[in-house]
Amino acid sequence: SSASTSGGSSKEQKLIIAMSAANIPVPDTYPTEGYEGMRFVGYQLYDALINWDLTNPDQPAQLKPGLAESWEADADDPTLWTFHLRSGVTFHDDTPFNADAVIFAFDRILKPDSEYYNAQIAGSSASSLRYIKTYSKVDDSTITIQTTQPYSFLPYDLTGILIASPEAIKQYGKDYTSHPSGTGPFKFKSMTQGQEMVMVKNESYWDGAPKIDTIILRPVSDPSARLAALQSGEVNWAEIPPTESIDLLKNSGFQVLTNTYPHIWPYVLNVQDGPWKDKRVRQAANYAIDREGMSSALLNGAAAPATQPVYKGHSWYNDEVEPYTYDPEKAKHLLAEAGYPDGFQTTFIVPTSGSGNMWPLQMNEYVQKNLKAVGIDVKIESIEWQTLLSSFVQGFPKDREVGAYNISLPTIAPNFYSNFFATDSILPNGINVGGYSNPEFDATIQKAMESFDTEEQNTYLKQASGILAEDAPWLYVVHDLNLRALSPNIKGFIQPQSWFADLTTISIE
Amino acid sequence: MSTNIQSVQEAILMKPVVREPSRAGIIWREFRTRKAAMTALIVLTLIVSACLFANLISPYDPNAGEISDRLKPIGTAGHVLGTDEQGRDLLTRILYGGRLSLLSGILPVLVSSIIGGLLGIIAGYFGGVIGSLIMRALDIVFSFPAILLAIGIAAALGPGIGNILISASVVFVPPVARVAENAVKDVRKEEYIEAAKSSGASSALIIRYHIFKNIFARLFVFSTSQIGVCLMMASGLSFLGLGVSPPTPEWGFMLNNLKQLIFIEPLVTIVPGIFIFVTSLCLNLVSDALSDAFELKR
Amino acid sequence: MTGFIGKRLLMLIPTLLGVSIVVFLMLKIVPGDPVNSILPPDATETERAAIRTQMGLDKPIVMQYLLWLGGVLQGQLGDSVVRRLPVADLLLPALGNTILLTCAAAVFSFLISMVIGVFTAYYPKSKLASIFNGLSLAGIGMPNFWAALILIGIFSVMFGWFPSSGMKSVDGGGARDLVLHLVLPTIAAALASLGVMTRMIRSTVSGLLKQDFVFTLQAKGCSSFTILRHVLRNGMPAILNVAGLQFGYLIASSVLVETVFSWPGVGQVIYQAISQRDFPVVQAGVLIIAVMFVLINLVVDSVHAAMDPRVRQS
Amino acid sequence: MLNEQMLATAHNNFATAEPSADYAMEVHDIAKTFPVRNMLGRRTGGVSAVDHVSFKLPRQQTLGIVGESGCGKSTLARLVMRLIEPDQGQVLFRDEDLLQLGKNGVKDMRRHIQMVFQNPYSSLNPQLSVLDNIAFSLWANGGGKAEARSEAHQYLEAVGLPRTFADRLPGSLSGGQRQRIAIARALILKPEVVIADEAVSALDKSVQAQVLNLFQDLKSALNLSMIFISHDLHVVEYMSDEILVMYLGRVVERGPAHRVFANPLHPYTQALLASAPSVDMEAPPKPETLLKGDLPSPLNPPSGCRFRTRCPLATERCALETPVLRPFGQGQEAACLLLKEEEAASIPPSLINHS
Amino acid sequence: MAELLEIDNLITEFSIRKQWIAAVRGVSLELKKGSTLVVLGESGSGKSVMLRSVLGLKPSGARLSGSIKLAGDEMLSKSAKEMERIRGGRIAMIFQDALSALDPLYRVGDQIIETIRSHERVNFSEAQRRTIELLRRVGIPSPEERMRAFPHEMSGGMRQRAVIAMALACNPDLLLADEPTTALDVTIQAQILRLFKEIQKDFGMSIVLVTHDIGVAAEMADDIAVMYAGKIVEHGSAGQVLSRPQHPYTQGLIGATPRKGQTGRLPTIPGYPPLITEMPHGCSFASRCPKAGPGCREQTPLFVRYDEDHGAACLLLEEKLQAEF
């Protein structure tokens, strides 16, 4: 093939990634293009105080020290945290990393009156900043953070705040995104709008230089096009190829990778109004879905059944509750019990794209068919992801019946529980859009938040998962498996249980 | 040329008076001599009636299928064109889907022909300030990139076949109005319009009997030629995911669904595209021959 | 001549104003909030409101329009909400790419349709002519997104002759690489206009061949080549007119082809911007395309005027 | 060819003209200048198409208008019908000034003046049947469709066409037949005045004679007054009682047909007559010096006498003074500065010969 | 006497719906050097088709048979290239509508120059000089300027003069004029007809002039041929044909034209000419002929020369002549 290129043969090792995003992420400290931008640009160019450990494929990614070597909450005042910063780290522009850089990063998103305040990044990081009250520099390698309440999830939140070189930001101002500078394993080299971004390895990365020399990101939004690009050798890494191509790819020697990770593809049910108010109805729907058929047949193994917010094997997964099985009879029974022996009609609003939406409409169609079989007649309204988000954050329409939003979500950080299910997050105070409220759940989450012992915290979160499984405020369908395909010559990549990926371990043969 | 026509006409005169063929009859006779167009018409009729009587032809429910039967290749026993990703019979879905696809080709053209035709007639007949106001306003719509306009409208109204129909209708109004306006301007010069005016006829009557009847052929031919274009545009919008809601079948939407399989099961993916293609090809052939037939009559 | 162009330019102003107003109003009724493209789903309403204020989205629509228009008139298209870049940085390279693709498609379809159109007009009854006619009809009837998929299937997957997406190989660059990337999108984009142009050229030329002046040329004993020259010169305004429209359509309908081929063009950018509710990009993009569309037609009209003394003098 | 009986029945309720007034129509000093505008709609000049024309149409007689192409014959006809708004003037018809009437008044009046147009291929609606083409005028004036059609049948026969033509489309008819239909259409409104604008010019000679005969027959049978416009002098002479010769928007000569043709006064009339090819082999040879050059542009017509640029006799005075129509006896008038009244009777047959 | 043009039994047929239909049905004519032949006939009688056939400009799908000899040279056997040289060179043609006969986008002068240069190897300035000369010859004032005009900038008479100049460009032996004055006003027509006479005198060419106006025929013709339904029904010297028309059609045509001082009903020819696709048996004029006998509808009349310079194709005439002998 005339168009073949693969970085392996020569000395220069090139990793060419076909992203599913339609565009190159903007390389600021909160890149665009969602978590894919974080994955390929954010965590490659920058570090946070606390990073993700992406080296163990067998358990959900854990936190690990990033630019902070260690941290602790004050035993007497659990709202006061101290972070000990790593020394000897320099930014890509050769300026040193220190406490000032961290303070600058916080100022940039938390202090609206500071010169370099950036509202858009602030907005993007908002959910990570919600519990931070104050922060201050103690010395060059120490900072403290005061939270608004005892909040043990803070380290998770801090993974979302990337630290950039203050000098670079000051120097380039608005043009910073053409000269981004972090401490990450890769350095920015160049970017062509709509076409590609080139990053090169940071030889002096504090955690060991990456093995490959160059990463090239290409936005290829069409799954088939990604497949074609991989097959023709134009790229050696393709995110989410068409699920149907898995066997084909495997047979031709490509590495097809999947792994569970904190992602869920659910329906957020409207539990305040209409039939879904009744727990039995919600459970019935959960029993009506053939998750196995969806994940192994429709999606060809690129998804795993979901019966709780998190997947089996996750430390927050509650294996004491009976998981929902495919049991249409039981579903019908429950419906009859709830007073809907003949089922009912409802509308689901679903997106046409989004993470985990490998075949968005087909997946919804499949659920539609399952629910129809037990009498729940679903009308699907498919709208664009952005429209869906707008609609979602405004809650369910008041003037007509809408039973659910299909919205795929990350379940990385434990604050996910409070954000989506806690009573005090009900609209408009938060985005508990369905209006689910259970005091027992609220109490459990509060305890988790105030518990600074990981084991104990996990116990509470498991309990919370159990309650959510039983109450079924959501219709749990599948967990995405982060399908990606790599050329045979890519070695050393570990598919972690995470949204993100460690590209430093990779080499190309 | 005119002598030719004249003498043909005179020949008709000399003939013993048989029943005068109707206008439609004359056109049909002309049309019939074109083999390609006749074939196209037959294929179209087959497609349309197969779609209309899909429920009689196919034993399957277009929305039912077993997931275990999914993606059967073309020629599978029981599924002539194979099955789709949910295991539904593809032929059945094509036939049912054809209803919407054909509708989305025809209805917007019909609507825009009526609206555009009316605007064009008014602009062309009265001219002056009203005329230029109408035409300039339509220019604005016209200078929008059509597919983006449609995407915009569809985005504004939300996806759904109804909104595709609306946006396609809007997109086709300006060209129809232009054709109508030009046709009216041509007809307006004719002496019979002046004769009608001098007999004291009102504008409404003149438009109805003289203008409309004489631009009808041009408008009709143009409109029929737009059906194929409209069909393609609507399916293009569906292809972008702005069309019908599942599980309703529609060709562009089916193509969109199956597009992920292009490299894996190319034949399955090609099927809905072929139907769009063949239908619009036939429509073009027919409208071509129609335009020839109409011209001959004139 | 300059007066002609000047007046035509003046007449464009209301049209373009109208276009800008319509875009604005359309965006007003589009549901979906650009703020959601910036914020994660779990952001709260206060966080959203802050962003909205910062972007000026809380001002009345008329105010927003006037501010934007003022900016545009000063050459400032604003910043992309989603991509946080100046709109021009985003649009201009994409526009360049689209124009490249469109020009390639236009040239391709113009040349081929010229040859086929003239041939079929001269020899309407030949076998080859009916084959050409069939092909041009097929071109018109072929949905370009489908044609694009098929082209990829055949030429990149089966034969591997051409790359399937993008406009540059990773190690590539240079003209050869670009041309290779350009081939399939060009064909897919050109298909429909190829058909339209062929038919249009055929009917123009065959109409002209029946004209008295052609007859006079024959009677004068001019060679067929001279006659063809006269015919083409006379047909050129009509042909250019349609070609101009087609060029506009090509730009406008690039969305589908660009999507399938991941061609980083303006159609893609605007389409994404619409779905991401990135209003400044949509506004500027649509306006730019509309301007190009009317400018192309202006150019066509001016060429017409330059070529035809009757128009020039009227 | 003409079915007299049909005609009689068809016209039994024809408004029998009261012979009181001598003139069916009087036109006074009518003028029209078409504005010429530039692209922005600003007026940059005008085409003086009809300039201060007056004439009287004697009842039940035919007024012939001759003149070169572009001299304003059609414009004059349309002005009289108020199909174009004149700049000034009076059209007296049935004791009313047509130009003062409101919109509805004009509509009512118009039906008494009907026109037959030049081009038989564009004067009939190709999409209406022959019968409906004729009947349309009646429905347009509020008649019922059925009655209109039955009346149209009578007129179809009156113009010498078989009833079997009724359902045909005009497309299948020859020029002569179409012109007959156009005449029937004009007559069905029972007009007093018929204006035939080059109604036979597009017809073959053999067919032209048929239509001319039809006009003659109808005119006498229906007591019509007619304005007959043509550039064919022989035809006008054959048809007309009175003649109006126009040049570049103005009347240059007027008078009884036999007088004007036998004794043309104005140099232009003379030139016109001399130019017409003659069928007679024995006709005197053409004068050596024919009219020079072409009709000047009506955009800026020559000053003074508009004919002076082509007139072999023109003097300086012709450029300064605008000639008006002056009587030269026996109802003949001409607008030429060089003619002396006393000379009129003994004016040489061709001034041009003597130049 | 040198016959410049001899047409013998010329048949021009068109393929209409897979049938050969003749528009010119066996025309035989001859034209002496330096004389003018006027072809008179109604619309659709095949006059233009005949002229075009002489030029070898048949529309695609038409076929010719018979013989056309120009100064003894058979035209029908010439190759396309040879015909190209003859057209505009030895034979020139002028059309009815001078506006549409000229290419609207080219200057009039350039169109004449182009004609000259496609026949003779002369340089541009020489061609230009000759063009100016020609324009002056046809009576166009200040030809240096007018040659730079576009067709639409000229008046009808001017344009027709330019077209005549173009036809004269290569000094043809034969000039074919298809209704050259029909679109013009009488005064201009008279000018143009006079111009024809002058140039004929100067250049010594022969002219075939097609018209339906008997007046024009009377003015111009040495010989007149009357055409009806694709055939010559009467042919003779102008004086003979006009003053002693033999064929009923010619008689009708002449009668139907109003003359000076004519009053009363005009004699007419009833009905309409037949259509080429449906030629009746026998005499094609029979259905309209007031004198037609039963034989006329069955027997096709032959062209009989009953005088040295006069002949006609009419059965009645044949009978009459036979009776005389």
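Some observations on this one:
A, B, C, D and E are the chain letters, set down in written order, and residue numbers restart from 1 in every chain.
Just so it is clear, a residue touches a chain if its C-beta (ideal position, glycine included) is under 8 Å from a C-beta of that chain, and two chains touch if they have at least 3 such contacts.
It should be emphasised that the depicted structure is a prediction, and the values quoted were computed from it without experimental measurement.
Touch-path distance (fewest steps) from subunit A to subunit C is 1. Ranked by C-beta contact pairs, the top pair of chains is A-C. The mean-CA centres of subunit A and subunit B are about 46 angstrom from one another, to the nearest whole unit. Inter-chain spacing, taken between the CA centroids of subunit D and subunit E, is 32 Å. Here the spacing of subunit C and subunit D, counted between their Cα centres, is 55 Å.
Per-chain CA centroids place subunit C at a distance of 53 Å from subunit E. Annotation for subunit D: residues touching 2 or more other chains are 174. Contact of a single residue of subunit C with at least two other chains is seen at positions 31-32, 149, 152, 157, 259, 275. Each of the following residues of subunit B touches two or more other chains: 6, 10, 13, 155, 158, 259, 262-263. By the touch criterion given at the top, residues 63-64, 67-68, 70-71, 85-86, 155, 158-160, 241, 245-247, 257, 259-265 of subunit B touch subunit A in their complex. Of all residues in subunit A, those touching subunit C in their complex are 1-3, 5, 7, 14, 16, 22-23, 26, 28, 32, 119-120, 123-124, 126-127, 177, 192-196, 216, 218-222, 224-225, 228-229, 231-232, 234-235, 384-387, 389-393, 407, 409, 416, 419-420, 428-431. Against subunit E, in their complex, subunit C makes its touches with residues 125, 211-213, 215-223, 226, 230, 233-234, 307-310, 313. Of all residues in subunit D, only 78, 81, 83, 107-108, 110-111, 113-115, 117-119, 121-128, 132-133, 136-137, 139-141, 164, 167-169, 171-175, 177, 182, 185-186, 189 touch subunit B in the complex they form. Remark: subunit E residues 55, 57, 60-61, 83-89, 92-93, 95, 97, 100-106, 114-115, 118-119, 150, 152-153, 163, 166 touch subunit C in the complex.
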